Amino acid sequence: MQVTGTVLTTRQVDAYHALTVVAPGIAERFRPGHFVAVAVGGSGTSMLTRRAFSIHDVKPDYGGTVEFVFAVNGPGTAWLAERRARDTLDLVGPLGRPFPLPRDPVTCVMVGDEYGSAVLFAVADALQRRGCRVDFVLGGASAGRVFGAMRARRMAETTTLTTEDGSLGMRGRVTDALPGVIADVRADAVYASGPMETLRGVTAVAVEFDIPVQAAVEERMACGIGVCMTCVLPVIGDDGITRMVRSCVEGPVFRGERVRFDDVGTIPFDALGAPGGGSRNAG
Amino acid sequence: MPVDMRTYLGHVELANPVVTAAGCAGSGSELAQFFDLGRIGAVTTRSITMAPRAGRPTPRMAETPSGLLNAVGLQGPGVDAFLARELPWLAQRNVRTVVSIGGGTVAEYTALARRLNDAPGVTAVEVNLSCPNIEDRGRVFARDGGASAEVIASVRAVMRYDVPVVAKLSPDTADIVSVARACVDGGADALSMINNPLGMSIDTETMLPALAAGTGGLSGPAIRPLAVRCVWQVRTALPGVPIIGMGGVLTGRDAFELILAGACVVAVGTALFHDPYACTRVLRELEELVAARGYQRLADVIGLAHRPPGAAARHRTDFEESSL
Amino acid sequence: MPVDMRTYLGHVELANPVVTAAGCAGSGSELAQFFDLGRIGAVTTRSITMAPRAGRPTPRMAETPSGLLNAVGLQGPGVDAFLARELPWLAQRNVRTVVSIGGGTVAEYTALARRLNDAPGVTAVEVNLSCPNIEDRGRVFARDGGASAEVIASVRAVMRYDVPVVAKLSPDTADIVSVARACVDGGADALSMINNPLGMSIDTETMLPALAAGTGGLSGPAIRPLAVRCVWQVRTALPGVPIIGMGGVLTGRDAFELILAGACVVAVGTALFHDPYACTRVLRELEELVAARGYQRLADVIGLAHRPPGAAARHRTDFEESSL
Amino acid sequence: MQVTGTVLTTRQVDAYHALTVVAPGIAERFRPGHFVAVAVGGSGTSMLTRRAFSIHDVKPDYGGTVEFVFAVNGPGTAWLAERRARDTLDLVGPLGRPFPLPRDPVTCVMVGDEYGSAVLFAVADALQRRGCRVDFVLGGASAGRVFGAMRARRMAETTTLTTEDGSLGMRGRVTDALPGVIADVRADAVYASGPMETLRGVTAVAVEFDIPVQAAVEERMACGIGVCMTCVLPVIGDDGITRMVRSCVEGPVFRGERVRFDDVGTIPFDALGAPGGGSRNAG
C-alpha cells in the first residue's frame, strides 16, 4: 500500500541515518525482512524512482510507525538525510518476501554487514519469541559503520564484531568470524544481510557447515512491486532450473544456496531463456 | 457532470483511454493487488516472444534526470507459458488485454500472431517494432518504414479481422511520419508511440557504463516532449488513424497533453514504478481536467490542439445545462 | 596535482575542453560580463546565416521536465554584421572561436564558408546540419548521411586547410553512426553532437501548443542520455575522430560522462541560462574529478568507459609522485 | 552577479507573496526597473530555468536586501511561495535596463496592473527625489489583486484604483482611468508595468496625449542575461527599422511608442530579417 506518512523522528547513528515515519498500514502488515520503497526529492523532483530500504523496526506509536536506517549513497539518500521531524514522506510497503522462520527453537546466527544489519533485529526478535537462540556477527569497514552492536549485545547470547580496519572487534570481515561462531554456538541456521559479496561468502560458509542460510539480497530496483523486471538475479528453482528471478517480489530473502552469487550480474548460459538457448532473437 | 470517457481503438471500444504500457505492468497480477484492473481501459502485456527469454544481465536500470534507462531485454516466459497462464488469468477477470509481441524476424512475429489468433481475451495486438531484425544485422525494425510495414502486413494477414493490429513506433528514426504511413499502408489499424529512445549513462565512479548492456531505453517525463511531438506529427499526417500515446505520463495533465496532440488512448509506463495506482489516478485527474474545461465527452478533446490558433475550442459549454 | 586539460580538435589545440554550445552564448559579449571568455576552451557562436534573420514568433521557450524546448529559429544578424562586429570583438580579445554556420542549401553553406575563409579569428567551423534543406521539401540535412556529407564536402573544399570543419549531428535520425561516417568520408575533421531533438509541449490551459512555432528543440539534462549514447556509438565506430559532446551538461560530472563516452571537447548550452558561470564551474569541477581519480592528463580519460568491463582503468596513479 | 542569499522575511499581501532576500551585491547595484532571475525547485529539481521577478524594494539591512512580489502562477512560483525565513535562494541580478528618469521635475503618472505595480514604487521614489510630482493608477481583477494601494496613497499626490469587478475603486481597467488622470494632473510622462495588453492600452493613451511612456514588458525568458534569444519582441529602432529585440537586456523597460504591441507574438513582415525578406532558408 501507499502511505504519505509524517516523519516522527530522525536520528544519526554513526555513519547512518534513521528515520521513523508514521505509517500505520505498513506497520500493521509488517513482517521481518519486509522493505519499503520511498519517494525522494519532493514535488518537481527529477528523481523518478523510489529508493528501497529494509524496515528496521516498527512500533505501535501513533497507530504504527516504521523505521529504516540508511547510508548516504547518492542524491536520493542525501535528500532523505535532510528530512526533519514533521516532514512528510511517501512510502510504498511493506514489500518483498519476509524471512521465513523455523518451526523449532533452533540456534540462529544473524550476520549483518554495514547497514544490512538493520533488518536483522526484527527477525532476531521473532526468532527469540519462538524460543530460538540468537547470536550476532556484525561488521563494517570501520567502527562507525557497524550498525546495531549495542542492541545485539543486549539481546543476543553472543555478539561478534568485525571491522576491516580493526577499529572495533576483530580485524577482518564478518565472513572471517562466521565459521568460528557457527562452530562455537553449534548454529542450526544463518540469517544474513549485506552486500552481495558478503552474502556470497556467508553462503559459502553455511554450505560448508551444511546449514541453511536465509539471505536478504540487494539488486537495483526501479519499482519494488514486481512489474519492471530490473531487479533480477539467477536463482535455482525447486526443479533445478536457474531462472532470472525478481528480488523484489520473489525476494529479497532467498535461500542462500539457491542464489548463484558467482553469476550475479550475468545471465548464466544454462538459465531458462538464456541467449543461445534458441531465443536470442528479440530486442 | 461525469465525462463520457469511452474511446475506440479501431472498432474496439475501451471504457476509458488509460492503459498500461507494454513491459511496465508485469503479468498484470502484480498490479491487481493495488487496484481493480477492470477499471482501466486495458492492460498491455510485456512483449511476448516465442521462446522464454532470460533478458539482459544486471544492472538493468539507471536513473537519469526525469528519466529512467532500462535494459531488461524482453525477459519473459515465452508465448506458451503466456497463453497457458498469464492471458487466461487476465481473461478470467474480464480485463481488456492488449497483447504486445516481439520478434527477431518477420516469420517470428507472424508465428506469434498465429498463436494468439484463437486465444480468448485478446483485445488488440500491439507489435513492438523496436526489436533488432536478425536478418538485417540487428537493425531495429522501427527505424525503417519498409521493415516495419513488412512485419505489420504479415501480422495483419494472419490475425483475426476483429482484433486490431497496433504498430508500436520508436522516435529513433529519421521521420516517424513515414514509418507510420508505411505501417498504416501495411494494414495497421492503429499506431502506438513512443517506444523508448536509445540512451546511455556512464557511472563516473567506476568510469564504466551504468547498465550491463551498455545502452538502454529511456523512459519517463524526460521523453514526454518527444512523445507529444511524434503524436502531433502523426496525427497531422494521418488524422484518421487511432493513436495510443505514451512517454512520460505521470499525471492527468500529461495524459491530456497527449490527447490534445491527437492520442485517443494513453499508456502509463514508468509512472507505475513510482506509483502503483498511477493508472487510476491519471484517469481520475484526466476526467477532472476535461470536465473543468467544459467538455462532456473525451472524444471532443482528442487532437483539439490542432485547431488553428485563435480558433475557439469547439463544443465548449460555458453554461450549465438548463434544468427545465 | 593540476591536470593537463589541453585537448585537440584535429590539429588545433584548445587550452581546455569546455566550450559554449552554439546559440547559447549570444554574441559572446553578454557572458564576458560574468567571466573572462579566454578561460574556456572556445566560444561557439550562434549559427550564422547569410542574411539577417528575425527568427520565430514568441513564445519561443517552454520548460519540460529537466528540459527546455526552444524555437528561436536562428535569429541573428547575418554574416556581414557578424564579420563586421561580433567576430572582431572576439578576435580582439583572443577568444578561441568556433563559428557555427547554418544554411538552407548546399550553396548557402558553401558561400558562408567562403566568407569565413579569410576572416581572422576562426578557430574552427561547426556546420549546423539541423537546418531544413529547402531543395528537399524542408527535410533536415542531419537526418540523412548523403545530404550531410554533401554539405560537409563542399564546406571542406572551400575552407582553409588549417581550419577544422566540424559536422554537428542530430539524434533525430535512424542511425547516427552512418551519418557520422558519411560526414567523415565527406571531409569532416571532427564531429559535434547532439543538436536538439525535436520536441513539443502543449499548454493544457489554452489547449494549444506552448510554442508559437509548434515544435521546438529539446535541450537540457533530459537529453543527456541520448547525447551519451550518440557519443558512445560514434566513438565506437570511428575511434579516431574528435568529438565535441553536448546535451544537458550542468556539472563537471556530466562533462566527465561525455568525455568517458568519447568526447574530447564538451559544450555547455542550456546550463548557461541557469548559471552564467556554468562553463568555468564545469571546467573546475571536471578538473577536480579527473584529478580525484588519479589522472594527470585529460587525454588519458577520453573514451575510457570503452575499456572492457573488468579491465582496470589504465594510467591510474594511486600513489603520490616522489618528491626526490 | 549570482548570489546565494538567505530569505529574511516572507509575507503574503492579499493575492501576492513577497520575499525579502539578503543579497548585498544585487541591492548595491540596484536601480528602479531592474529584475532578478531566481532559481526554483531546489537541488535535484526538474525545473531548469530561472524565474524573473521585478525588484520591488531594496533595503540596507544586513548589507543589502532585495524584495520581490509575486503571484503563484505555476510550479516555480508555487515553490517560491513555500519558502520560509532562513531558507536560501539563488538569485542572479540585477538584470535588465532600468527605468530612465527625466532630468527635469516633471509630473509622472505611474500605471500598475496586478503584480506589475510592485516595480513602480522604487521608480516613484527616485522621481520624487528629483522633484517630480507622482500620481498613481493601480488596478487589478479584484480588490485583493491591486498591489500597493496603501503605499501609493502615502507617497503620491493622487491615487486612482481600478478593479474589474468593482470591488475597489473604479470598476474597469487602469486604461479606463488613465486618460482622466493624465488630463487632471497634466502629466508629462507615464511609467507603466503590467501585462502586455495593459501596456498596449496605456501606450495608446499616452500617444493620444502625446506624452512619453516608459513601459516594463514581460516576455517568457529562459536566461535573463541576453544569450538565449527567447524573450524578443518587435521594437522600432531609432532608424525606424523594426527589430526583434531581447526584452531582458534591451528591456524590460522600453519607450512604449517603440514597441509594436499589436505585433507581439508575431514576426512583423517588415522586421529586419523577417521571413520573405530573402532569408527564409535556414532552420
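First chain written, first letter: the chains are A, B, C and D, and each begins at residue 1.
Basically, contacts are C-beta pairs under 8 Å (C-beta built on N, C-alpha and C of every residue); 3 or more make two chains touch, one makes a residue touch a chain.
These numbers come from a predicted model, not from an experiment.
Where contacts are defined as at the top, ignoring subunit C still yields one piece in which all remaining chains are linked.
Common partners of subunit C and subunit D, by the touch rule above, are A, B. Set against the Cα centre of subunit B, the chain with the most distant centre is D.
Subunit B and subunit C have Cα centroids separated by 34 Å. One simple way to say how far apart two chains are is to compare their mean CA positions; for subunit A and subunit C this gives 45 Å.
Per-chain CA centroids place subunit A at a distance of 56 Å from subunit D.
In subunit B, the residues touching two or more other chains are 65-67, 220-221. Shared interface positions of subunit A, defined as residues touching 2 or more other chains, are 46-47. A complete topology is adopted by the chain contact network, contact being made between every pair of chains.
Note for the complex: subunit C touches subunit A at residues 65-66, 221. Across the complex, subunit A meets subunit D through its residues 41-47, 75, 79. Residues 1-2, 39, 46-50, 92, 219-233, 243-244, 249, 264-267, 271-275, 277-283 of subunit A are the ones touching subunit B in the complex. Contacts from subunit D toward subunit B in the complex involve residues 46. Residues 23-26, 30-31, 34, 46-47, 49-63, 65-68, 70, 72-78, 102-105, 108, 128, 130-132, 134, 140, 212, 220-221, 270, 272-277 of subunit C touch subunit D in their complex.
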